[in-house]
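Several structures are given next for inspection.
Each of the next two complexes has chain A plus one other chain: chain B in the first, chain C in the second.
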Partner chain A sequence: MEFWLYVLLFALPSLIEEIRDPVDGFIGPLTGSARELRALDCEALSTEAARQQAPGRIETPAPRGDFFERRAVICRARLMPEGVRRARDEAILSTLRTAADEMAGHIAGLADPLRRRTWLVEVYHPDLHVAGKVEFAAKNALMAAGLTVSDRAPTLAAGDVEVIGRIDPQRAWPLACTRYVAGGSLGPGDALMGIALRDRRATILNVGYCADGAWRWLR
Partner chain B sequence: MAPRGTPLALLAALLSGGCTVVVYQPMSGLHRPVAVDPTRPNFTDVDIEVRCPPGGAVDATEAGALCRRVARLFENQGARVEIHTPGAPAAEPEPDAEAPATPRTALRVELTARILHRQITDWLFWEHVSDYTVAQDVVIRDETGFMLARDTLTGRFVKRWGFFSDADEDFSADFYAQLSQLALNARVRRRVLAEGRPTGPG
Partner chain C sequence: MIRALPLACALALIPTLAGAITAEEAQRAELEELRRVIAGQVQLSAFDLLDELIHDMTQAPPFGEPTPVILADLTVPVGMGSGLAGLVENHLAALLLANPRSSLVLSACPTCTAMVVHSGPEGTVVSRGLDNPETLEKMGGAGGRHGLYIDLAAEGAWLVLRARITRLTPDLPIVWSRTIASPVGKPSLLRHPERLKSAAEAREEYLDALEDRGPFNIPIKFAVRTYAGSDEGGFPPAPIIWLQTGFEAALTQARRWKADLVLGYAWLPDAYDGFMVQSRMARLISGQTRSLTGPDVYLFLGAALMTVDGDAVALLSDEGGPGRGTFAGLHLGLEMRVGDRISAAAFLENMPAFNDSERIGDFVALFGLEFHSFGAEVSFCF
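Then we have the complex of A and B:
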């Protein structure tokens, strides 16, 4: 009897801790918890950093210390369950905020006369819904960076669309840029931020800009 | 009535590790969705140099094994791979070697591992590592040293009582898929940056 009390006394704190742990190896393979583990994004933090992110959830250690070694892992459930969206789109959309800020940062880092123009945004992505989300995020990020942004979309003549739609992106963007300026949809006070998925196997977006009929890739 | 020692023997058998398994938890980066299929020839015109400096979580032998496996991963996808061993001088090209007919993309992949956390369970006179978290830093550069991609893949391994474990296979599948995706993204970025020169009248 004393032995079991001894076991319980020593094992209880770790058993309580394990109840809150997303890993449960003992019953995991039977309950499908491996799938649930993959639905979480976790980050190991110092207890001080974790206390700031999740106030009230992390115990404050006693002023004179105690016998416990504490560490914190904060897990967040993914917004969309695995498999709902195409893997490529999920990878792009799950990091869209950071990517949009980085892309806007490239534009905001341009020289001043260019930076002060009115910026239009165009996105090429095979999925129009994803393209719409990327465009919205990019415009927000540009505005947050202090740039002037327009909701207007540059337009091409039907003949231009037919030609440009058939050539590879490396030549299509510079050609579209010259045609936007020649057609008058991109004026001298305007500039275009172009965002493209250059390879269907990639999970990154590339960004360039068009100004005065010249196209340049930035990232 | 069961003998008095039976529960103790059962507990000892469980604790002795006969029924412990390793559970793998992808923490960040490792379970990000990938669009590339690592079984396809994704790097047919690419030269890849793989570097695995020892230190942190891996010794020289483990770093060598990691490098060989990653080299095989990229070779299977059509790349020409070279493993760079730290301390050894870089191989100089043969003076009369013919230049390749078509220019090839060059990527340099560097892998370093860090132990973020290690929990040691102390049970009377017996202690073992019951939980550890590893971060694998991946940096991909072009031949000039310009950084094209960078990521940290973090995974946790926990020893638990249980009977089934696919931890090795699951981790390998995640790790190799992420490496393939990072290398492909780096390749795309390198190509786009090479096109970065201004065109047109401007």
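Then we have the complex of A and C:
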């Protein structure tokens, strides 16, 4: 009897810890579905960062340190369950913050005269709502990077739209860039950040810029 | 018979057709219900983010003086309906009205959000008024004012609020922007719109609320201690019911550690009477601070000195027969407490005087300690 109590006392905390650790993948089978595990977003953090995000849930390390090597993985259920949004849109929207920061980083890393221009943002995505979200995120990310940003959208003549709308995005952006400058909607002090889904099946957004009539893909 | 056959076939088909329609409708209804549930969950988080946004504006106003601002656009996560947008818009308006220090004065501009058509030498432009400030100016619209754009996005496990302010001049420069994110499961701070606080201040208040009862409590406990019979199969002493009171002190602000000292009295007519003094040290193991909403679990270690007399507890006496018995006990147990008001505990107790005793046995032996007694108690704190 005592032997089993010892076993239980010593092994139970580790077992509970293991079962609750989603990294080991036990949550799915225990709760009846691996789908539940897929609906989680897990993030490995330092214990200090985890303590700030989940106060009261993460043990505070002793001031002089302790003999344990601690790791923290916070798992949260996604706001939008699987199936509510299109899979392609979900893939883009669920990582939009990081993607927008990364795209703005490409622009912020450009040489100085170009960097100091007023940046306009244009997004091509088949879904207008998703395009709107991406545009908003990109503008805020550019502002956070310290760039000058405008809400103005460059315009094309009806004939240009007719032609550019018929060709694939790979060729459409350089052509549109030339026409924006020729039409005067993109002035010498302006630059355009273009974000596009170059293939309808893709889940990664491509980014490029247009300045002085020349288009260049950055990613 | 010939007429009955098609009728029977038609009747047999009706449930199938009806089923097909119902399944589709049911699927749609299920999706709508799911969206409604998510919108309900997102609403409080969205309000929290708006509170944080306006609080930031009151601390560092975007403008030096009150400035008219048009709510140019407010969008909710893709997949959500316009009902949520309406609720968020109302909350934003209430916040801006209640916090003039934000420097934003909400202003109405019907032509700004309406579609306008402008024909000029460069062509015909169809756009929203906001996107064509020159036309808007000609229509006597929002020239020189500012547009506030708000976007809420569900990004994985995060709800993200983005806001920007654009000056409504032909260049449409963005003059201010902010992005705030909140993870799923973060408790809503439910801040009052007229007394906004930062998330850190709100958390501080939450901790203050946890500590609202001060460091001292007076507990009244009803405890029962049962004793194990001897290993030879003898009868155990009768369980002793104790009434205890004293004081309890929280040793840390969040009641993570606490200690108590109580005096107890036991009396059962023609059976026993007794006195005791007991002290305990307890550590919260269910979290780092006392919970406002759920039960707290403490692990405790304590010591007691008891003196009992009576026929029913003769086996506990010093001589093992009639007479008074005085002995000490060391106990270890778990206590579950709700709202720092009521608690239930269970413990195992070792009584050193009865180690290797022939009169009293043990329930269990751990770490070389024999636990002769098992106790349970209910406490009320005042």
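Just so it is clear, the second predicted complex is superposed on the first by the 158 of 219 C-alpha atoms of A that agree within 3 Å, B and C clash if a C-alpha of one lies under 4 Å from a C-alpha of the other, contacts with A are read in each partner's own complex, and residues count from 1 in each chain.
Please note the rule applied: a residue touches a chain if its C-beta (ideal position, glycine included) is under 8 Å from a C-beta of that chain, and two chains touch if they have at least 3 such contacts.
Computed from a predicted structure; not experimentally measured.
By the touch criterion defined above, A:Gly105 reaches neither chain B nor chain C.
Contacts of A:Arg71 after superposition on the shared chain: chain B is touched, whereas chain C is not. Of the two partner chains placed by superposition, only chain B is touched by A:Arg38; chain C is not. Once the two complexes are overlaid on the shared chain, A:Leu5 sits against chain C while remaining clear of chain B.
Judged by the touch definition given at the top, the superposed model places A:Ser150 against chain C, while chain B stays out of reach. Contacts of A:Ser94 after superposition: both chain B and chain C are touched. When the two structures are aligned on the shared chain, A:Arg200 is found in touch with chain B, with no touch to chain C. Shared contact residues of chain A with chain B and chain C: 41, 94.
For chain B in complex with chain A, the residues that touch the partner chain are 8, 11, 21-23, 25-28, 31-37, 42, 116-117, 121, 133, 154, 156, 158-166, 170, 181, 184-185, 188-189, 191-193, 195-202. For chain A in complex with chain B, the touching residues are 3, 7, 14, 21-29, 34, 37-38, 41-44, 71, 73, 82, 86-88, 90-91, 94, 170, 174, 177-178, 198-204, 206, 208, 211-219. For chain A in complex with chain C, the touching residues are 1-2, 5-6, 9, 40-41, 53, 55-57, 59-60, 74, 76-81, 83-85, 89, 93-97, 118, 127, 129-130, 132-133, 136-137, 139-141, 143-144, 148-153, 155, 157-158.
Those residues of chain C that touch chain A in the shared complex are 31, 34-35, 38, 41-42, 75, 77-79, 123, 125, 131, 147, 149, 151, 153-160, 162, 164, 166, 170-174, 177-179, 181, 183-186, 203, 287-289, 364-366.
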